[in-house]
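Sending over a structure as structure tokens; questions will come in a sec.
Order of writing sets the labels: A, B, C, D, E and F. Residues in every chain begin at 1.
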Amino acid sequence: MDDDRVARFRQERERLNEIVLTQGSLQTKRFFALDTKVYQDGALPARTKELLGLVGSLVLRCDDCVLYHLIRCRELELSSAEVTEALDVGLVIGGSITIPHLRRAHEAWQRLSTDEGTK
Amino acid sequence: MDDDRVARFRQERERLNEIVLTQGSLQTKRFFALDTKVYQDGALPARTKELLGLVGSLVLRCDDCVLYHLIRCRELELSSAEVTEALDVGLVIGGSITIPHLRRAHEAWQRLSTDEGTK
Amino acid sequence: MDDDRVARFRQERERLNEIVLTQGSLQTKRFFALDTKVYQDGALPARTKELLGLVGSLVLRCDDCVLYHLIRCRELELSSAEVTEALDVGLVIGGSITIPHLRRAHEAWQRLSTDEGTK
Amino acid sequence: MDDDRVARFRQERERLNEIVLTQGSLQTKRFFALDTKVYQDGALPARTKELLGLVGSLVLRCDDCVLYHLIRCRELELSSAEVTEALDVGLVIGGSITIPHLRRAHEAWQRLSTDEGTK
Amino acid sequence: MDDDRVARFRQERERLNEIVLTQGSLQTKRFFALDTKVYQDGALPARTKELLGLVGSLVLRCDDCVLYHLIRCRELELSSAEVTEALDVGLVIGGSITIPHLRRAHEAWQRLSTDEGTK
Amino acid sequence: MDDDRVARFRQERERLNEIVLTQGSLQTKRFFALDTKVYQDGALPARTKELLGLVGSLVLRCDDCVLYHLIRCRELELSSAEVTEALDVGLVIGGSITIPHLRRAHEAWQRLSTDEGTK
């Protein structure tokens, strides 16, 4: 992962979300709203919910979704040990077919940690 | 999606199909023939079948397949509202894990519509 | 499929939906509302949307979902040829792994058609 | 879910695990050991890990796995609100195709809560 | 697995295949023909192809498909060690989500081996 | 596939594996060890196991995994006919949604064969 993959990811994500929400229907917008709501603090803290999102994304093998949840995990100050253990659960559930995604997840997390470590 | 993604996609697809059909067996060829047949006009019009292909591809999260069916939808002159509603069905069935593919689908459709709009 | 599988399916579905909507959160209810909305008449007729739901369900291999959409297809008076062609698209997209579900789908459709044929 | 589905589930699971571990190889046993280890207390508490297992199982749509993690969630005294929110995350990630599993999950949770409530 | 699960499985499979091939289209029939062809002796022996089918079925988590290929493996006289090693590959690729299917596979194989052992 | 895709793939894989094994836990390492063990000679020869890995990877649609097993198949001197037949089994099991991966698999195999053919 080169230096600004995260920055480019955010920018591209925002650009495409704008297209979806312009072209999409009311139902599309409602789905997107719901997708935000379920990760907010409630009976479970947002930190836990982001880990749930991370594992769900890893076992379904979606790199963009994994990266998004890792960024959120970093923002919510989850530790590397916590993220690693969550990824381990995903690896065991989802099997070796998740390994290419696990590799990219660990690389992204290393990068995110380094960036933040220099703040 | 830059300007000629569709052109490059078609070209690459054709180039690789040639390799598959050269290296493949009789069974490979039969599968490819079947894959063409099921989308042809019958009791259901080809337009509906392309939408079926589009939703099947979105819920199984295959960008190449989604783009292929969008190109076909454009050729068969489906409207943006029709395509959006089909994508909504796919989004609800397949969940937020389809969103990265949905984003690229809406972007591709926008591009395809613009191209054709200038004919 | 014995004679009243459809009746039992509907009853069980209703009973469990009640549990989900009692125990579920506001977000759960919103998802269920959305799941109803996307199949209603719009730019695409409900008939087409049920076929989209049918193919999405077959390729993701969910018997309950397939049966639900077949019941709706029957109610909306889709023909056997239309349903068969939609199932063919799903079979080719999803491969032989869908065959056990395809078998149960054809059996359910036969039953649904016979029931209605005697009206 | 009838009254002793949980009891029967545990018994059947144990009986079959015995067959697997008798017939299986050293690698099979190692996988099973790993599958136990990743859910134990560590940087993340076991309670969180069971929720990760629950969401992973829901989005991959495995009823047996969902039920197993719900039983563990009950043993670790997670609240209904916590479990519901975790299931909501799974529902949004995995889409309506998870609903038949979500229904059975809510029913199982209701049963597990009632059983325990009378202790 | 009770004593005649295999017999009932075969019978039910045959009964449903008849429905599919009666109601299905020419394309449905072609797909079924192809599904037979790819498992026949060729550059790879049928024995190897059945193991390929077994692993493909396990990682995609289809009990009916797994049982079918196990029956074929038994007919082609694959050993328990060979079948176990193939299942191990599937377990590692597909992860713990395959375990409920792996349990039923090992139980079925035990039953199939016992039946044949008494011949 | 340009000329050194295989070389770059190996290098990148090695680089990322190092990150995973540095950041990962003991459980991560155990999973990786298991992932190596199940492909070694045993009751089934490594050649057959690589074909099992290839089909498992194709039906689960993981390009990196497919390429890895193709490289191993080449090293173990499987013939083009053997690889094609294994890919055919995967295509029929997994359906047309695997075709984009099948195309890249055949292209990679062609390249791998040419490279080796000139040795």
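Some points to look at:
Keep in mind that, in the parts below, a residue touches a chain if its C-beta (ideal position, glycine included) is under 8 Å from a C-beta of that chain, and two chains touch if they have at least 3 such contacts.
For clarity, every value in this text was computed on a predicted model and none was experimentally measured.
Of all residue numbers that take part in the contact between chain D and chain F, over half occur on both sides, making this a same-residue interface.
Chain centres computed from CA atoms place F at the largest separation from chain C. Of the two chain pairs considered here, C-E and C-F, the higher C-beta contact count falls to C-E. Relative to the C-alpha centre of chain B, the farthest chain centre belongs to D.
Each chain gets one centre point, the mean of its Cα atoms, and the points for chain B and chain D are 37 Å apart.
The geometric centre of chain B is 27 Å away from that of chain F, both derived from CA atoms. Each chain gets a centre from the mean of its Cα atoms; for chain B and chain E, those two points are 32 Å apart. Multi-chain contact residues of chain E (touching two or more other chains): 25, 27, 31, 34-35, 38, 42, 56-57, 59-60, 65, 81, 84-85, 88, 91-94, 96-97. The residues of chain E lying in touch with chain B in their complex are 25, 27, 30-31, 34, 37-38, 42.
Those residues of chain B whose C-beta lies close enough to touch chain C in the complex are 34-35, 38-39, 42-44, 48-49, 51-53, 55-57, 59-60, 65, 79, 81-82, 84-86, 88-90, 92-94. For chain E in complex with chain D, the touching residues are 61, 80-81, 84-85, 87-88, 91-92, 96-97, 99-100, 102-104, 106-107, 109-110. If you check the complex, the residues on chain A that touch chain E are 59, 91-98.
For chain C in complex with chain D, the touching residues are 13, 16-17, 19-20, 23-25, 27-28, 31-32, 35, 56-57, 60, 62, 64-65.
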